[in-house]
Structures are given as structure tokens and as C-alpha cells.
Amino acid sequence: MSIAKASSRPRPKRPQVNSSSFDTALGWQPGRTATTLLRAAVCAIILFVFAGPILTIIAGAFDLNPDPTRLTLIPRNPSLENFAVATQRGIWGFFWNSLLIAGFGLLLQIIVAVTAGYALARRKFRGQAIVLGIFLATMMLPEEVVAVPLAVVLGDLPLVGISLRGTIFAVILPVAASAFSILVMAAFMRDIPDEIVEAATIDGASEMRILIEIILPMCKPALGVVAIFGFIGIWDQYLLPIIAANRTSDYMITVALASLRADVQVGTGVLLAGAFLALIPSLIVYLLLQNSLVRGITSGAIKG
Amino acid sequence: QDALEVWSRSGPQAAETYKAVFAAFTEKTGIPVEYLATVEFETQLQARAAARDLPDVLIYDQASMASYANAGMILPVVPEDLAGHDQLSEASWDSVRMADGGYYGVPFSQHAQVTFIRSDWREKLGFDVPQTHDDLSALATAFATQDPDGNGVDGDTYGMAVPGTTDRGFFTWWLSSYMMQRGGSFVTGGEGKYTVTVNTPDSVAAVEWIQNLFCGTPSLVQPGALTNASATPFFAENHAGIYQTGPYAIANFDKAPGKDKYEIIIAPAGPGGKTTLTERTSIYFGATSSKPDQQKALAEFLISPEAQSLGMTAPGQPVVRLPVNTTLNAAEIYGDDRWAVVADQLTDSQLMPSDVDFTTARLDIAETFQSMFSQCTSDIQGQLDGLAGRISDELSQQNALQ
Amino acid sequence: MPALLLFLYFKFIPMFAGIQMSFQKVRPFLGNEWVGWSNYAAVLNDSRFHDAIVHTLILGFGQSIGAVIGGLVLALLLEGASKTLWFVRTAAFLPVVTATAVIGEVWRIIYFPAPNGFLNSAIGSLGLDPVRWLEDPAVALYSVMAVGIWQGAPYNMVIFLAGLAGVDRSLYEASAIDGAKLRHRLWYVTLPALRPAMTIVLVLAAVRSLRVFTDVWVLTGGGPAGATDVWMTRIYSLGFERNQMGIASAASILLLIASIALTALALLITRKRAEK
Amino acid sequence: MARLQLKDVYKSFNQTDVITGIDLDIEHGEFVVFVGPSGCGKSTLLRMIAGLETISSGELWIGDELCNDVHPGDRGIAMVFQSYALYPHMSVYDNIGFNMRVTGTPREVRDSKIKNAARILQMEHLLERKPSQLSGGQRQRVAIGRAIVREPRVFLFDEPLSNLDAALRVDTRMELAKLHRDLGATMIYVTHDQVEAMTLADKIVVLNGGVVQQVGTPIELYQRPANLFVAGFIGSPKMNFISVEVSDVGQGGLKVKSPDISECEVPAATGNVKAGDRLTLGIRPQELKLEPDGPITGNVTVLERLGSETIVNADLADGKAILAVLEGDRPLDIGSSVKFAFDGSKAVLFDGEGSALLP
Amino acid sequence: MARLQLKDVYKSFNQTDVITGIDLDIEHGEFVVFVGPSGCGKSTLLRMIAGLETISSGELWIGDELCNDVHPGDRGIAMVFQSYALYPHMSVYDNIGFNMRVTGTPREVRDSKIKNAARILQMEHLLERKPSQLSGGQRQRVAIGRAIVREPRVFLFDEPLSNLDAALRVDTRMELAKLHRDLGATMIYVTHDQVEAMTLADKIVVLNGGVVQQVGTPIELYQRPANLFVAGFIGSPKMNFISVEVSDVGQGGLKVKSPDISECEVPAATGNVKAGDRLTLGIRPQELKLEPDGPITGNVTVLERLGSETIVNADLADGKAILAVLEGDRPLDIGSSVKFAFDGSKAVLFDGEGSALLP
């Protein structure tokens, strides 16, 4: 029989980090030299392979005359001239258009994806698979083919008879209908344990409330994916702004990039500068949302 | 909506110039213009065509006229009705005449492709200005092999910059000049009736010579030429010494490689002479327009000396390369003798057929040639026979085969 | 449901118009002419389409599989909360946010076919002969594929990361106690738990693989000698360069049908796994 | 008001029938405990009452309302889930307060109720934690807290105390009993713990295989089990069952015997029984006493000495085992032979179908 | 061989200290039960032994091996999780067989082991189901099954029976005891159930607030609790604590009394105690007997009649309550005054710090 001393003894030493090897699928552990080294090497390779080429774009953007035959990480003739030219070509106006459209379009797209994804994932009705299939089918026809009929629709909404052409809605409304986002939301929402939704139902929360306060926080990673790719998807829209716009000044930055590319008077550097500007917002969106992708939040909710 | 809707296929720089021109027009006539400059001209036009709501006036490449006219999208023009029509050359008006004898456009700008050469490299290696194709290939070979930029690295310079992409049949434009200079041709004829000549012995010999540029001395043509969207950077960034293209590149090349580092010359003569390709821009009237008078007024203004010179000089980028108005002298207006060379070359240049829809043929040609040159096949005759067959089919469908 | 309305207007109506066009000779100004199945016949009899289909299949499958595996590997390697990983993940994501056209430029530089081109000097230092990456008809398709994988892998990585975030950590613990080695854990615990992510990625691959276009277009434009000509470049060339919208539509509808079949297959695969 | 009735309720999952015809009448304010073996359908029944599972057939009435199709949130119920079902992204505080936030309870009221629930459940120091940072018992307490702040008409508890330690369990049990008294709400409670069932219940419902076996007060079930199943299920350790033969049918009782048991008399309904019938004799382990001339003879095989009582496992002659719970510490020798006596009036006889022959 | 030692083990989550210095020595083949209030660190300790939580400081030895950094899979342990942690996408069959599939056990061996485990746990008919289609108790059984097919050196059970009904719990308990005997493996077991702890354990470890309070055999803990906490925690219902004053210090015993208790003698270590000191007298409810002239007087407030015993709640004069468990059915009147006697040798005295003054 042994009896513990009543008060606890002073702690010998206090560890700094407290993470276990069960946080990640590969079971990386902090502070283990062998695996840390391996991981560092892998990261270096990844950096080189994926970021290297892009860094040369950035370098090129700051280079007066980027070389068409080799890659440089450091501009040979560092200058901001390219940006000056791009500014002169009105790139900021297009940039702003893009931001506006991507901002509102994304908002709408997320709302649509969340509601439709919810309906598909958590309501049981006949022909669910077919509905999802039809949604997906819309992703399969080349944009170019539907562009012309879409332009007709935009010019004269059937039954309603309003022309959206030349308004911001002509771009925002079509991009809001994204089958991809719906697919993502539906797939992830389906994996939420029923018990939790049931608990909220019993707690008297309306469906809307459950969706917003329970389901969405638990699908944070999916929301992250939708927001990131939704933003990029809208940001990359090319045909739509062309057929939807009445004025050049309504174009998005993608169109501006294409015209820079076609413009024989400006060098590659200006194009790269434009491309560099164009990638910053998407990158920022990704940076902001990245954390929602890597934190596990569902554990501890239910047993079994 | 009273304004006249005008579209052109241009980037933002050219659009500036157009805006200046239209501002002058509005000031003069009181007719407001709503102007749209787009790089995706065709797509946008198709979209509007589907909605049966075309712009009033289109300013676009001559090569597209036939297909628009065939589709009923543009209206015929009576030259005689236009004030100042007589200030345009016969050749200009011919270019906008369709096979049925009707006119479907108003000429606006013209130029011929010229040859750009890195004069500093040429002088460094001790060559004269090339006069013949032999000179040209000797110079190209020297550029490719003798380190003309003197950086001590061999193999980072190439002889010719070639825009080899098949996008829109781009390659065909470049090829046609050399074909003509070698005595070959794609088709011959005119007035809406053509004979396919791409597989005649002359043409085959011409093709063999061109193929040798790609498949002979390595690096004579810049590597990757056949998939490059644009060859311009190679000339601009000190990698290629010879570039045959339109004079719109002048402004760009003045910045890099630099005004004093290159020269513009009349094409070196091949066995078939020194003819190059003519490129033209024309004005078309949209079929759904309800403003015929304003359309006409704009066209009249655009061919007037005032608008033509404004199109060359207004801030931005010249949208009139060489004036179609014969009362004007480009070199004077630009204050730049190099434009005289372009004007000279224009007198020895030839338009691709534009009174029939040559688009499909152009694409076919580009694709076939690209295929021959990338594979360096020896069966040139066979390939060209096939091509000739396809072009014949296409032309006979349009009832344009002689 | 507002979603349905949006889809109806901006997706379904244009889609049906597209289907309608596939039976017509499209001449917006002279009136479309009903031509029945002849557009389809034109597509199916075109030998260049046959080549393009083969290329599409090779490219589509190669690219999709490469990007799925690459994305999974990236996600597994880069999962975790540390700042360094955060940085590397961001860097790896760069290809996705960069305009494809510009990526085309960069890769053409990397693939520059001269012996002193970037990749050629790299393989040259390994003692290999230079390759004409995009010019050699035998190699071009695979060069394009590599770029597609390069760009697709980080894309899928994001989806997989989201999937990994939802894996119940206690299952890792249970499997560790069960003596599962890393490979068991990945195979039996992680992969099944990645099912939603996998569904998305596979469906996406199925939807997209047949319509690869931009990569090809900016890199080779279908050349050289049609070696990288795919379904979509054909459609593009027919519809937009040759103004034969009817035939292009017919080809698109065929593409649609094939994609639906493939998607159904992908969904079936993920279902199967779920049931297993 | 909150009377609850189940009328001929069925439930099946795909092909499997889980609940096969249950009729039940629960008065307003009653404390009803469901017991039954694992997998017998207790949770399913509870979930049907809550509205989380559809009722395959039959009717559910709450008060005067047919509730088959009423939305769970509108039934005026609160439920503690067997699997907790906490909201993983919310703190304990928010988990408990979610319902009140939904119904728009003023902040101060909410706060005081949450604090009060936390105090009752001894987890005031945990309010800021997320569920993943709690121990099993703590999670369970959060789940209970979430229900009790609701003050609903009907409480549904699915094994709410299974992860709590004895002391806390007793405390929480007391709190639930108090809550029941104070609120006068109807409570339906699933448990495996006999003591819980016995002490809390006004009425115990014994389920087996989706069918109600018996409904009654605890003491009724203990003393007058309706059948073998209930007799075996209620009471711990389990009732001993000994196969016996009727030797004589008397007035309001039977004389029975077996190889191990010398003849003894047990009060019973004598209805259709005749001498020579084979019956089952049920004796609770607590009713067996050591007595040198008792009728039952066995051999001690296992001895568990718990201090206040001693549990004896003894083998009978036919190999069957019998269990006795003896008061105090009884240091018997393993292997030694013992004799037990029992009070016939506390033993029960069962017929061939397992039904009790209650007098 | 599979001796298990903890040496001065600490664990903290971020800022919170959960385990604060535990030394423990578990012999090979011992059956050790951890008990303690909810949240005291039982699961955490178990998880550290399993290797699922890093050990903040201190050493863990299994056999002759320092195991702080050994991979969980290489420690030769099996564990039943409190939260089950079943693989949701695998059938019950595959869940149980996962370890064997991983280690490449031949299919037939695997199959027969799985079937055997399923038989023991009475879930042969569930083998094809997914965890989501199981009831709570069934899930728990799958988790147990997963552990027992492993035949490891050390078993870790975290409340493995909490969701099972009484009968199944007894059965499974027996099976675990049998397994322990047959395999001779070391078993560490967390439970809230006194009976489980008492019947299964070779050795019980009482934890509170991350510190070991006492280690000993069940009977030791019951009869000679080291301090107030253990005394109160072990035994059900809880031991009665009555504040008393020392009236006389005798040889090996103390005379104590209080307003409610006439003077009586209790054997105790008399060490530093002197007359007039205030101590706490602990008497188990089972030790109290009704006796007309017993020293303790109280007023009956609550009566629970369980059939075989009767639980009496009585208020003492100073308002404190006292609990007595009486044999048999005792129909007392609520509100009536009763007197209890107790055997002094079975009562325990505690000093001001709560340590027992064991004789």
C-alpha cells in the first residue's frame, strides 16, 4: 500500500510544444531530426518545382526586358517600367472591375452552393443523384459553345424580358451558379454526423439556423475550398465579361491580360507585370483561407 | 440611344487613337460615337449576331470581310456614294470587292510586311544588307552560328524569328511572302475564281526551300518557332536577327532592341521577286443598323485626309499604318523615312484572296505547313497534294473554283 | 430554390440552345438551317477528330491521374500547422493562381528546345541529349501532360487538405494501437476518410479530363503536326476559327455525353469504395 | 398536459424490425425508465418520441396532439444523446446555451441558467473549453447540461450517467430527481444501472427485442416479475433459475422439487398446473441464506468478499450454478459443500412459456 | 516480462496540469483498475501508457524497455477507447480484424478469432453492419472485440462496459476475468463501477486530481482507506462522515463523541492525537444497524426499499445526513426517530488533513 503525498510536487521541467503524431495523416512529429530533415528536403523540392517557375514570372515583371529563352530569378534590368506601362494601359480599372465582380459573385456563389449543397446532402428526395448529375453536366459543355446562347439570354432574360447586358449582374449572376461549389459543399456536408444535426433540431433551431450555426462551422474546410476556388474561378472568367460587357471599361483583368498579350507594342515584361498583379488577390484569398483547410474540428463531437 | 456604335479589334493603345479620331468626327458632325475596342472581336460579334443586334460600324481585318458578307452581317457599300471615294486608289477599292462584284467595305488602312534586320549584328559580322535570298540565308546562318551579340555564348542567338503558330492561321501570313518570293503561291486567280497552285512544281520548290530554313541549319529559325504565339520577343530581346512582319512592330522595336540597332529593308529578292503580303483594315457597315446616314458619314470621315493622318499620329498607336488616301505621304506625316520603305514595299505586295472566304483554307495551310516543318518530312509533294485537294473542296463549296 | 433558377437561366437554357445548334447549320443572320444528324456525321467521320480523341484520352487520363496522385502526395506531405508548412503550401499553390497564359510562357521557356534551354541543360547535366519538348510530335503530348499535372496537383492538394482536416484523429490513435504501419494507416484510415474529397477530385477529373484545352492551347495550340490536338482544340478550331458552330456544337454534345459517362463512372467508383 | 402515448408503434430499418408493436401510456409528470438488453430498441424508441426517427407505423400522442409528423423542435422535448452529440466548434458554454440563443432568451437569464447548470454538474471551470478538450464524463455532463437548461415538457435521457463516477452519478441522479420534482416535467430515461432505475423510476418499462415485457413500479417488477425475462433482467445479481418438477398442487401454492432441492412449497397461481409438470423456480440471490438443513445443496466454486457482503457461486448437482449474496463477510472455503434455505413466499415459479405463475 | 512502471510521470495540456507526478508499479499479469472522479486523469494516464499522449516528463517502462518514445503499435498493447474510435467505413468484422489484417494473420486464423470474439460478445449477427448502424452498447462491444482478438501483453480498457446492460455487463466482466486468467496478460482497466472494480481488480489505483491517492487490493481499500477521499470514493453508498471530538486517548484506540453520538471507542493510531482534537469518524452505511439503544440518533427522511435491502436516510441533530443500508425490507416511518449502532472496529477515524488514523 502506498499513499500519495497530498500536495503535488513542483514540476521538473515544462515542455514547450504539445502536439502528437496523430495530428497528421503521415504522423509527422516535431523535433525529430531524421524526419524533420526529410521533410525539409521535400519542402525544398516542392518549393523549387512549384514556386520556382512562378518566381521567374515575378522576376520578369520587374525586369525591363525579360528573356524569352531562359529563366531568371533576379531581374537583369530591375525596373518598375512594366508596371508603369500596365498602369498606362488602364490595368487598375480592370483590376477593380475584377475585384468587384469576384467579391459579389463569390458571395452569391457561396450562398447558392451552401443552400443547394445542403438540399442535396441533407434532405432526402427522389432523384437527388440526377439533380446533382444535371448540375455537373453544366460543367461539361465547353464555355465557348454556350457563350453565344448565354449572350442571348443575357440580352433578354426569357419570361422576364430584362436585359442584363452591360450591368454587373450579367457577370455576377452566371458565375454564382457553380456546380463545382455545390458538389464540394454537398460532399462534405454529407459527412457530418447526423446526431449533431438532430441535437440542434431538438434544441429548436430552425433549418436555416442549423445550417448557419452548426453545419457551416463544421464544414469550414469545404467552405475554404469553395471560397478559394470560387474566387479563382470568377477571377479567371474570360469569355463571360466579354459577351456581357457593353463597354471596354467593364472588362475584367483577364481580358486586359489577353490584350496585353496580343499587343505587339508592349514586351513580355508588361504582360508578366499584369499577370503578377492579377495573381495577388487570389493568393491573398488563399492565404486568408488556408487555415480553415488544415484544422480538424470535428473530433470530440460524438462517440463511435 | 443615338450614338453610333463602332467596334474595332484593338488593344488599349490603339483604342486611344481611335478615340481621338472619333472625337474629331463627333466634333465635326455632331454624331456621337460609342466605341468598343475588343481583342475578342469574333466572339463578341458572334454573341451580338445571335442576338441580332450588331454594332453600326465595324473596323476590322480585311481577311474577314468575305465570311461576314456571306453570313449577311454586313451591308454592301456603293463607293460612288461616298464623298472622297476618288481619293482612294483602285487597288484599295478592289480589295473590298466581293466575288459578286459588290463592295462590302471601305478601305481604311494598309501596309505590307517588311523585313527587320539587326543592323548592329550584321555590321559586326561584316555582312552587307541582304539583297537576295542567298544573302538572307547566309546572314541568318551567320547570326545563328557566329555569336553576333558577342556575349561569348554560342547557340543563344538565332537567324530568323518566325511566328509559326497555327492560331487563326497566323503562320500562313508569314509563309505567303516567302512563297511569293520563291515563285510559289497558294492559289492564283481573282474576281472570285481561283486555281489551287499550292502543289505545282514551283510551289513545291518554294516549300522545299522554306522547309530547309526550319530543318536545315539548326537554330537558323528560333527554336520552338512552330508553337510560338509570338516571335516578337526573340527579335526584341536579342535572340533573333531577322524578322519579317508588319510595320506595327516599329514602335516596340525602337524601345528594344533600340532604334539604332535595327533596320527595315525591302524583302531580299528570291527567284520570284521580292513581293510580300499586303495587310489591310477596312470599315464595314453592320446589317442591323438603323443609321445608314451616320454610317456613311463616319466612313467618309475616316477616309478623309484629316482622319487618316490623325489615325497615324494621334497619341497611342498608329491605327492607319499607311494611308489609303492617296493624297497623303506617310513618311512625311510620321517624320520617319522608314515608313517610305514600307510604302515602297507596299507597291510590291499582294493581298491574300479576300473576295472569297479564305479562312478555312488559311487554317489548313498553316496546319499543313507546320506539320511538314515540325516533322521535316520528305514527302512534301504528297502533303501539298492533300492540302490542294482540301483547298479545292473548300473553294468549290463556295463556288469559287476556276 | 434560387439556385435552380440561376442554373436554369444561365446554364440550362444556353445548354439546350447548344444542343439545338448541334442539329443546325448556324448562320445567325441568314437563319439557322436544320440539318439533322449531319453535323454529328461530320464529326464522327473526321479523321482528325479520331486522332484528337486518342490524344484527349491519353492526355486526360494521364493528367488527371497524375494530378490526383500528385495532389494527394502534396497534401499528405504538407499537412500540418507549422508556419514553414504554411509557407510551403502557399508557394505550392502559386501555379493555380497564375494565369494559364502566363504559365504557358514560363513553361515554353522551361521547355525551350535549344540545348541551352532550361530543362535541356538540366537533363544535359545528367548526360542526356536535348529534347525538343514541345516540337517533337512524339514528346509534345507528354510535355503538355507534365504541365497539366504541375498545375493540377496543387489544385487537388487544396481539396485533399480540406478532406484531411475532417479526419477523426482518434482513428489514427486506434490504428496506431492496432499496430498499423504508416501504409496501413493511409490505406485503411486516411483514404476512406478522404471520401468526400476523393469524390470531388475524381468527379472533377472526369468532368475536366475530356475537356483539357487551355494547357494545350497556350503551350502548343494543338501542334506540332496535330500531335497535341485534343477534342477541345478541334472544337475551338472548328467553331471559332472556321465558323462552323453547328459542327462544333455537335462535337461538344458528344463531349458532354462522354463526360457524363465518365462522371457516372467516377461516382460509381467512390460509391463502391464507400460500400466496401 | 404532457401525457405521452404510444399506440401500436413499429419501426424497422430497411428489412430489420427493431420495434414491433409498442403500446405505452405515460402520465404527465411521470418518471419512466426504459431498461432492456443492449440493442433491444431503447434508443430507437426514444428517438422516435423525439421525432428523430420516423415512426414506421402506429401513433405517437403528446398531450392531445398526434405527433407523428410534428417537427422535433416543436415537441417541447429535450434529449441527452447516448453519443453526446455536442457541437464540436462551440465552447461548453455555447453548447449549453445554444437552445436559449435560438429562442432569444435575454443574455443575463441565459448566463445565469448556464452558470447554474454548470454548478449542478460541477463543471464551472470547463465552460470555456471545446468538447475535444474534455474527458468522457465531462462531455456527458455537458450533454446533460444542455438538456436541463431547457426546462421542456418532456425530458429524454439516453444513458446519461454511464460515464460518470459513482459519487458524481449519485449527485447527478439526485439532481435529476430534484429537477423532476421541481419542474413536474415528464421524464423518460434509459439506463443500464439497476440502482438508477430502481431509485428514480415511477414506472419501469422493460423492453426486449422491440417488445414491452412489463410495465410497473420498481418494487412490482422486483417482487412480481411477469416473466422469466423480466425476472432475470431486474435485480442484481441475476435471479437464480432452477428447473423443478411439481410434486403437488395445493391451495394457492405448489409443492416443487428437483434433484438438488428437497420438496418445498411456493405460493403460485395454480391454474393449469398439475403434478409432474416441469416449471422453473426463481430465487433471488439475496433470498438465499446459509442454513445447515436448507433444501438446496451446492458446492462453493467462487467466493467474492466485498466486505459488507459475500457473493457465493455454488454448483448444483446437475452442473448448474447458483449464486447467493450473503450478508457480512463470510469466509467460506472454496470446494466446501453448503446448504441454502429460502423463503418460499419470495420465490417465483414460471411455466414452460416463461410466464410467471404469480399467486 | 510485461511489468509496467511509471516513474514520476507528469502531463499537461498547454497550461493545464492533468497528471502531476505519478509513480506506479504494475506487475506482470496483474489486473489493475483505475478509479477516480470524472476528469481526474484516468483516460489521460491510460493514453500515455498506450503512447497516444506524449509524456510531459517522467519515465514509462514496459518490461525492461523505456517506452516514452516507442510507437504505440510496438508496445504490445491493446486498448478499448472510451469513445470507441471505431473505423466508420469498415464493417464490424473488419473493425475487429483490422489488427490482424495489418499484421498479416492468415485469413482462416483471423476469421475464427473474429467469430470467437463475436460469440463471446454476443454479436455474431452484427458482423456485417457498419458502426453507424449499431446501438451504443453494440459499438462498445465491437471496441472490446477489437482489443481481445489481439492477445497483447498489456490490455488497456477505458470504461469498456459503461454502455452495456447489467446482464451483458456481468457476462462480459466474467469473460474479461477469464481472458485475464487464460492469457496471463497485464490488464489496466478504468471504470466507474464499484462492483467491477472490486470483483476484477488485483489492485485498485485511486486517482484524484492527477495524483494517486492509494494503491491496494479491493478489500484493503474498503477496509483500510488511506484518507477521506478514498474512504468516500470506495464503497457504495458512500461512507458516512461524522465530525467528532476526542474525549479520551486509549491504548490503540480513541474514545470519541459528538452531539449526536454518545461516547464510543474506535481502534486507531493514537500518534499525535490528544483529547479535545476534532476528528472525522467514518462509518459505512452497511455497518449501521438498527438498535434501540445504539449511540447514534437520527430522524428518517428518505426510505428506499429495494426488496433485499432498505436504504435509510436520516438527519442527525446538527443537520448532517447519515445513510444506512439495512438488510431486508424494513418498513420504517418517515419522520420517525431511529437509533443506530455500529461496530467500532469497522469504523475509521481521520485527522484534520484527512489522513486515516489506521490502527
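Every chain is named by a letter (A, B, C, D and E) in the order it is written, and numbering of its residues begins at 1.
Keep in mind that, in the parts below, a contact is a pair of C-beta atoms (placed from the backbone, for glycine too) under 8 Å apart; a residue touches a chain by one contact, two chains touch by 3 or more.
Everything quoted here is computed from the prediction, not taken from an experiment.
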Most heavily contacting chain pair (counted by C-beta pairs in contact): A-C
Angular offset of chain D relative to chain E [C-alpha, multiple of 5 degrees]: 180
Chain with minimal offset from the mean of all protein Cα atoms: A
Cα-centroid distance, chain B relative to chain D, in whole angstrom: 93
Approximate Å spacing (C-alpha centroids) for the pair chain C, chain D: 59
Centre distance in Å when chain A and chain E are each reduced to the mean of their C-alpha atoms: 52
Numbers and ranges of chain C residues touching at least 2 other chains: 112, 114, 116-117, 168, 170, 173, 176, 195, 240, 245
Chain B residues counted as touching two or more neighbouring chains: 43, 46, 50, 156, 229
Multi-chain contact residues (two or more partners), chain D: 82-83, 133-134
Residue ranges of chain B touching chain C (in the complex, touch as defined): 42-43, 46, 49-50, 52, 67, 71-73, 153, 155-156, 165-169, 219, 223-224, 226-229, 287, 359-360, 363, 367, 370-372, 374-375
Parts of chain A lying in touch with chain C, wherever the complex brings them together: 19, 21-28, 30, 39, 42-43, 46-47, 49-51, 53-54, 56-57, 68-71, 112, 115-116, 119, 129, 133-142, 144-150, 152-153, 157-158, 173-174, 176-177, 179-180, 182-184, 187-188, 190-191, 220-222, 224-225, 228-229, 232, 236, 254, 257-258, 261, 268, 271-272, 275, 278-279, 282-283, 286-287, 290-299
Contacting residues of chain A [partner chain B, same complex]: 64-69, 89-90, 144, 147-149, 151-152, 155-156, 239, 242-243, 246-248, 255-256, 258-268
Of all residues in chain D, those that touch chain E in their complex: 13, 35-39, 42-44, 82-83, 126, 133-138, 141, 158-159, 162-170, 192-194, 198-199, 218-219, 222-223, 232-233, 235-238, 284, 286-287, 304-309, 325, 327
Residue ranges of chain A touching chain D (in the complex, touch as defined): 193, 195-196, 198-206, 209, 213-214, 217-218, 220, 297-304
